[in-house]
Amino acid sequence: MILGRVVGSLWATRKPESLAQRKLLLVRPHASYRLSSGLDQIVAVDTLDAGVGDDVVVCIGSPARWSLGSGNLPLDAAVMAIVDRVELDAG
Amino acid sequence: MILGRVVGSLWATRKPESLAQRKLLLVRPHASYRLSSGLDQIVAVDTLDAGVGDDVVVCIGSPARWSLGSGNLPLDAAVMAIVDRVELDAG
Amino acid sequence: MILGRVVGSLWATRKPESLAQRKLLLVRPHASYRLSSGLDQIVAVDTLDAGVGDDVVVCIGSPARWSLGSGNLPLDAAVMAIVDRVELDAG
Amino acid sequence: MILGRVVGSLWATRKPESLAQRKLLLVRPHASYRLSSGLDQIVAVDTLDAGVGDDVVVCIGSPARWSLGSGNLPLDAAVMAIVDRVELDAG
Amino acid sequence: MILGRVVGSLWATRKPESLAQRKLLLVRPHASYRLSSGLDQIVAVDTLDAGVGDDVVVCIGSPARWSLGSGNLPLDAAVMAIVDRVELDAG
């Protein structure tokens, strides 16, 4: 999973029924968690009611579907946790 | 998921039966959503009738199969939503 | 999915039974479809009888398994369509 | 899988029930195992009781779900083994 | 899939039961098959008894689980074939 911050949201009326009520957030990965040099933001579905400014753990790829309790959804990114605290050893 | 714009389409008569009637679109990811420095375009299946110039949310990887309601298809990218509006906090 | 051209093939006698009769092609992604700066070629299984010089749509990752009609195969790339024509709007 | 070292951990009270008791570690991939130039760290779930300073094999993507014995979890990275010894041929 | 050469191996006693007897190899992707600029090596499970110096086809991601005949394993890379010969057209 990667760490990032919620920076915005997205409206789309034309989407599958199964995702009709779902909130789509824009998340900016923190510096150490960029998946590629060009990927500054990702669109993630939210089930934990995260808001702009929250630090979140984002699950990427196929496992993200299970954040909604089903494997039959076209979803590749989901907010998986809202971060309280990070402890990093220089080690 | 990533954000991009539909920039073209693709014809292929030799493809699996299960995808025979499906439209394949060329989508150019927006600047902040490039998956790698060399990936300027992707081929995505479309079920929402998106057209050239539309801004779309594209689902990448294994979950894209479910855009057609089945997990048994060789599909790794699908238009998942047509974007109405994006709200981005500078934060 | 990505677009590329078939540039060669590969022989391997020691492989799983389930893939014994399958052809493995070397595909070079077109410039706009490089997944990363170092990935110039991929090995893809072929079920459509593509040949050297053909432009093909390649399905990447877990969905590629379904090109052989089963999800129980160790396959991460498959020729999904042979391209007839591409139409690209400058837009 | 990739090799890395445990460098920290992460607290998050708001996360799915199924992950309530699970430890989330920060792992820094070793130099030869960076998935992209910007990805210096990943968040991985731990089931082997790894600690800061341990060298670990991390499983990335959808297979990571199975580290907890179920495919129905939003997990994309898991500590899969704690390394005792690596033997590398210059070859 | 990608092409690479076996360059070493790895010992880990603390790993899941289901992988207890499995050999973990270090594979260095050939120049045209680097998944990213920083990823010089990957750890792959081996079921074909490949050895140091062998050229191998490596299956990446979720499909790699099926190299052991089951989808319920935390595995994201597997030796899928040992290469006899590669034929590349300049094309």
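Chains: A, B, C, D and E, in written order; residue numbering restarts at 1 for each.
The working rule: a contact is a pair of C-beta atoms (placed from the backbone, for glycine too) under 8 Å apart; a residue touches a chain by one contact, two chains touch by 3 or more.
This structure is a prediction, so every number in the text was calculated from the model and none was measured.
Within the contact network of the assembly, the step distance from subunit A to subunit E comes to 2. The rotation relating subunit C to subunit E, fitted on Cα atoms, amounts to 70°, rounded to the nearest 5. Work out the mean CA point of subunit A and of subunit D, and you get 18 Å between them. Between subunit A and subunit C the centroid-to-centroid distance comes to 30 Å (mean Cα coordinates, whole Å).
Within subunit A, the positions touching two or more other chains are listed as 35-37, 61-62, 64-65, 71.
Touching chains close into a ring; read starting at subunit A and passing to subunit B, it gives A, B, C, E, D. Touching subunit D in their complex are the following residues of subunit A: 1-3, 31-37, 48, 57, 59-67, 69, 71, 78, 80-89, 91. The touching residues of subunit C, counted against subunit E in their complex, run 5, 7-16, 19, 24, 26, 35-44, 52-53, 61-62, 64-65, 71-77.
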